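Next come two complexes, and both contain chain A; in the first it sits with chain B, in the second with chain C.
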Partner chain A sequence: MVEKNKVEEQHLSILQKRWLKFKTLKRGYYALVIITTLYGISFLLPILINNRALIVSYENELYFPIIKGYVSGQTFGQDVPGEAKYRELRKSFKEDNTGNWVLMPPYPYSPFEDITTDGNKMYESPSGKHWLGTDNTGRDVFARLCYAFNISISFALILTIINYFLGIFIGGSMGYFGGKFDLFFQRLIEIWASLPMLFVIIIISSIVKPSFFLLIGIYTLVNWIGMTYLIRAEFYREKAKDYVAAALSMGQSDVKVMFKHILPNSLVPIITYFPFSVVAGISALVGLDYLGFGLAPPTPSWGQMLDVGLQNVSKWWMVFSPVAAQFLTLLSIVFIGEGVREAFDPKVYSRLR
Partner chain B sequence: MVPTFLGSTILVFTILQLAPGGPLEQTILQLQMGGLAGGGEGGGGSAAGIDGGSILPESALKELKRFYGFDKPIYQRYLIWLGIWPREIKHRDFEIPVGETLTEKRVGKRDGQIWRIDVKSLDGNNLSVFDKDGTPSPVWHASIDEIKDDGTREAVIFQQEYSGILTGNLGKSYTYLKPVTEVMKPRFKISLFFGLTGIFLSYLICIPLGIKKALNHGSVFDFGSSVAIFMAYSIPGWALGGVLLVLFGGGSFWDFFPLGGFHSPIEIWEEMTLLEKVVDQVHHMILPVIAWSIGSFATMTVLMKNSLLENLSQDYIRTAFAKGLNEKRVVWLHAMRNSVIPIASGIGHILGVVIAGSYFIERVFNIDGFGRLAYEAILSRDYPITLGFLVVVVLLRLIGNIISDLALATVDPRIRFK
Partner chain C sequence: MSQKPLVEVKNLTVSFPVSGGIMGRKVAEVKAVDGISFSIGRSEIVGLVGESGCGKTTVGRAMINILKYIAPDVEVGGEILYHFDGEDVDFNKLHPRRMRKYRSRVQMIFQDPYASLNPRMTVAQIVEEPIKIHLNLSDEERRNRALELLEKVGLRKDQSGRFPHEFSGGQRQRVGIARALATNPDLIICDEPVSALDVSIQAQVINLMMDIQKEFDVSFLFIAHDLSVVEHISDKIAVMYLGNLMEFGDASQVYHHPKHPYSKALLSAVPIPNPKEKNRNRIVLKGDVPTPMNKPSGCSFRTRCPIAEDSCSEEVPKFELYAPNHWLACPIVKDN
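Up next, the complex of A and B:
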């Protein structure tokens, strides 16, 4: 329709055209740029937000605790048991003025250090030192927030991709082969779908303490249905079209017809659904963590932070920070989703007055 | 419907029963801890504790297993739970010495007299029970549990009864020690009250809003409300509830609303007049209901808007305009009728959402509702309640589907039941 004129001007593939269209939708495009940049940066968090020094220069020798890991305090002449305390080290080096120096990460607090580390207090309100205050065990809220961002998005992305693989294989086969195979899986899905899913996840995670990947596994168990049904319907419709018959009559194998011919033609709902699936994944993780059935502590997570926050309603920063982080992240992804939908599946409403 | 129900209950039943750390293990552990503490005080119980497990007498263990139903294979447990396999009740243990074939047992009273029955072992390992007049007893049954090394047999007599979910018996809660239905009833009412208020409010707001957005598609109002919808979609209702609590619950900012609960504490509640009760109830419900409704706000408004927009661009609308109808009639009669179809078909699903969505909100606002009951039951491994909750939810969903179909058929004359 609208795009037909463009085709004559520039010989672009449909995906390239859609990408160009997406770029013109500023809200979604900028949201994508911001989220991907932040997500990329979040992998560098260990050198940005950490309580281990990046470089320590002590008596003309360079140490890299960030790579090496544990370095005892005695190494730097610090009179403390166990690991060196780099923030104090920096202070004392500065005072001594002996040419020793410490290069700390820009935000020198780790998401795991609590009141057992010197100088940390419980329930500190936001300040220049702790940007978003500290929580009930003296951990820095901002540091935890940032680490949780990375974990949440990774969780949702991996979950969605696994779901897509399952959905495309099972749903695709159901739609393509039909018959008894289809019928069997339909009944199975019906039973599965009648269960209250959250309830099942809670039961399972109350029995086994889930790790990151186990939680993804559990969540996949209950979450593959939606995608499977979507793709099944798509394959079912495409299968009846002439190009499939043509491909089959030319002797193409089933696998090739499914993945080379039908799949690209049913990409639109698959791609437009993707951002919303990620949103659902993040919400689910936050919810589970809030109920205490998510990732094992002390993993930084928005849900766990909210849980603690809501037990201390008077400490507003402990509630607002995780909610705001989750809200902004989800809002950006929803914007992306809206943009993608607009680019892939534009709806033009003609209205007669 | 029936296979779906059976399938899902079998699934959860199996998961629960096979799970390690079930109620049996937990009780045993608790008793052992108690025993260990007692033994420590006595000064001689340390050796038994190291043994692990042997501290509980055999008979107590048997009693516990029987209480939790773990003395039967899993398929029998499921059938008993359903109510199509006899449940054994009123157990009485006794021993049959070597060589003895007839034991007399007193089993309580009947018609004001002591009720005695005879237990005979005719061919060694099979026991049969007779009344005093020599006829086989219709209510009492007996079986042998175990044969000891010296030949004495441990036997048990019991009554049988068919009672399970098919007969309306959901069992007895392990933690509340009351029938599950009795525990659930007040909780269910609270959740339903919330759910219905929430649904009513969201329909009241979303449908007119969606219509207005569709009619003014592309206007400033449409854009502005879209922003609100995006925001509502990006924040889970319970998280918003948390923010509202911090803002208005008197923590750090304003003190407008109570921090939680369904109504004021029961001592105050009972002193109130009717008017005060109503005010108190509304006062407690405003925040949770906002949090509750926000979940469906975004999806339902967008659904209404898109559905109406879609219909307004159809040919039959063009036709209606062409034959000279005025706009009001076209929009409200022709387009609307078709646009409410997707909304109507969603009505039944909400029934399930009433329950499922309330886990979080009930936890945030500290309301003793149905979702929280299930949540706590899972935590304390109270299987009868867990399974009872499942039964109710699955049933509600199935009923919801039927309601959806009925609503759809009412709104859409093209659909007919044959």
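Up next, the complex of A and C:
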């Protein structure tokens, strides 16, 4: 059994080898580990950073507002209109000492609660209570920052993946079939690419209030073109190689030749370009949000925070936080990209090791 | 022996249009293959020789009908008539969808063993692929057949999980041979299968191919520019120059008693490992090969031919029977 494993180990596919090489490039590898971990954790934000209690034990009955959502204050004997105020509830339960208790998330502020909710003040500077202070409407900056991280990365990832699908499908067909089909689509893409896309986005988002997915849709309209060029060129080159001729001469179907033979061999630019494409996606969202054509206002976003921050430059935490968050995120992703690029470089020795 | 040959190529032409101008009009064409006819019998090895760029490879690719995939604008004329058991099929007129069925009957071995194997697949997967397409076997049977074939071409069973980049050029070419054999084809087109290999490996691979030809009873079209290799392996030899066949006949006839002036020149250039013969008369041709975009009128070889006459520029010489099993495209040799 041990011997068998040994034999298996010798036959690594090229991708497996590259992954092993990538792991030796510490900077990129750790950046990947950190970013994926943080992104994974960021899906748990509703139970980590929120103003809704996780569990409330009231008169020997357990409530789970985090799952149930809206629970009125009267339920817990709290004299407030609308939803229960869990931070106050915890305080009053403690004072009463009647065996009732509230389990709050570790950071008990939501990115949406502003001065209208209990005790929030505008422009509060960083403290143990609000780690990065509050903004111009009294919302907690740290909470918004974390939620915006999740939204930014999700936006960029989904955008990139959709672009890749379109790019691989359209660019791949263009490169593979060539001839008139290629000629026609190239012209079509050139016409499409010559539209002033920023204006198109601004016009569309001033007509309809863009939601998360609508914004991805709009941005995809602009962004898919770049990928088609890359994939088309790659398919064009690979198609001329003999292993494709061999697959065709044994009667393999076009779809199989494209996706089983050519695509795995065209992965180098696709994978090495991926992190940089994500960086571009994040920057694009920040840019649009900053200009006010991005996600609709209450949504936490770095661009909007930057915009508000720049209007209040004297409140340093409001500028510093989104800039630093963005800088660190983009830097780590660029590190990943750099490591991936290096791992795909056939040269053995690397300056990144 | 009035049995039909396996494949008859009749007046095959292949031309690649050269487009230019704003609208991409066709401004010229490259006639890579300009009307050639020959035939390959069952379990016969036909060698196709000629210098670089004369259209040998194009003939091979036309015969398995994959030119249209590589160059969508290509124009292929003439007939490529296969006589499979009881079925006559013209590959050039077949609809691509119906073509698929016959793909298993004709396979190809490529020149470059580094480019002709998909670097992302293990050799077992590579050999299994044609079996998967054409033969209806269970996974287990398919696997066994692939391993059997790999053993037949001289690879060990435990090497089947390796990727092509873990093999030497000779071993890769063996994988290519195993892949070509996988569907039990009637004809294998070998496109310079050994020219990318070391001389020491060439002999091994050539001998392997000859063994396999006997064992599987398959026909070969052996494309090469190395005449001594072709003479060693072939039953018949076809000599090609600038898209035309110059001479076609039994290997010993063509090799030892060439009639066409081009064949003579080509064969006199073959090095003979015998110092006594070092003073033998070599025919050195004048000038360069003309471009196939602008071929000479009449006989395409006349610009370099030592025995050319004025009449050679007037019409394209017919490819005619000169002696039994010996065809020739030179009226001057024929008349003498």
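The rule we apply is simple: the second predicted complex is superposed on the first by the 336 of 353 C-alpha atoms of A that agree within 3 Å, B and C clash if a C-alpha of one lies under 4 Å from a C-alpha of the other, contacts with A are read in each partner's own complex, and residues count from 1 in each chain.
In the analysis below, a contact is a pair of C-beta atoms (placed from the backbone, for glycine too) under 8 Å apart; a residue touches a chain by one contact, two chains touch by 3 or more.
Note that the coordinates shown come from a computational prediction; the quantities given were computed from them, not determined experimentally.
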Problem - First (chain B), second (chain C), both or neither touched by A:Phe320 - result: first
Practice task
In the overlay, answer first, second, both or neither for which of chain B and chain C A:Lys241 touches.
Solution key: second
Exercise for the section: Go through the superposed model and pick first if A:Gln252 touches only chain B, second if only chain C, both, or neither. Expected result: second
Exercise for the section: Scan A:Ile153 for contacts with chain B and chain C and give back first, second, both or neither. Expected result: neither
Exercise for the section: State whether chain B or chain C is in contact with more residues of chain A in the superposed arrangement. Expected result: B
Exercise for the section: Classify the contacts of A:His261 with the two partner chains as first (chain B alone), second (chain C alone), both, or neither. Expected result: second
Problem - Footprint overlap on chain A, comparing chain B with chain C - result: none
Exercise for the section: Under the touch definition given earlier, write down the residues of chain A that touch chain B in their complex. Expected result: 187, 190-192, 194-196, 198-200, 202-204, 206-207, 279, 283, 286-287, 290-291, 306, 309-310, 313-316, 319-320, 323, 326-327, 330-331, 334-335, 338, 349-353
Fill in the blank from the handout: In the complex, the residues of chain A that touch chain C are 7-8, 10-15, 177-180, 183, 239-243, 245-253, 261, 264-265
Problem - Parts of chain C lying in touch with chain A, wherever the complex brings them together - result: 24, 61, 64, 66, 69-70, 72-73, 99-101, 103-104, 106-108, 110-112, 115-120, 122, 129-130, 133-134, 158, 161-163, 165-166, 176, 179, 183
Completion exercise
The answer for chain B against chain A in the complex is residues 3-5, 7-8, 11-12, 15-16, 19-21, 217, 230-231, 233-236, 238-240, 242-243, 245-246, 249, 251-253, 259, 309-310, 312-313, 317-318, 321, 327, 352, 355-356, 359-360, 363-364, 374-375, 378-379, 386, 389-390, 393-394, 397-398
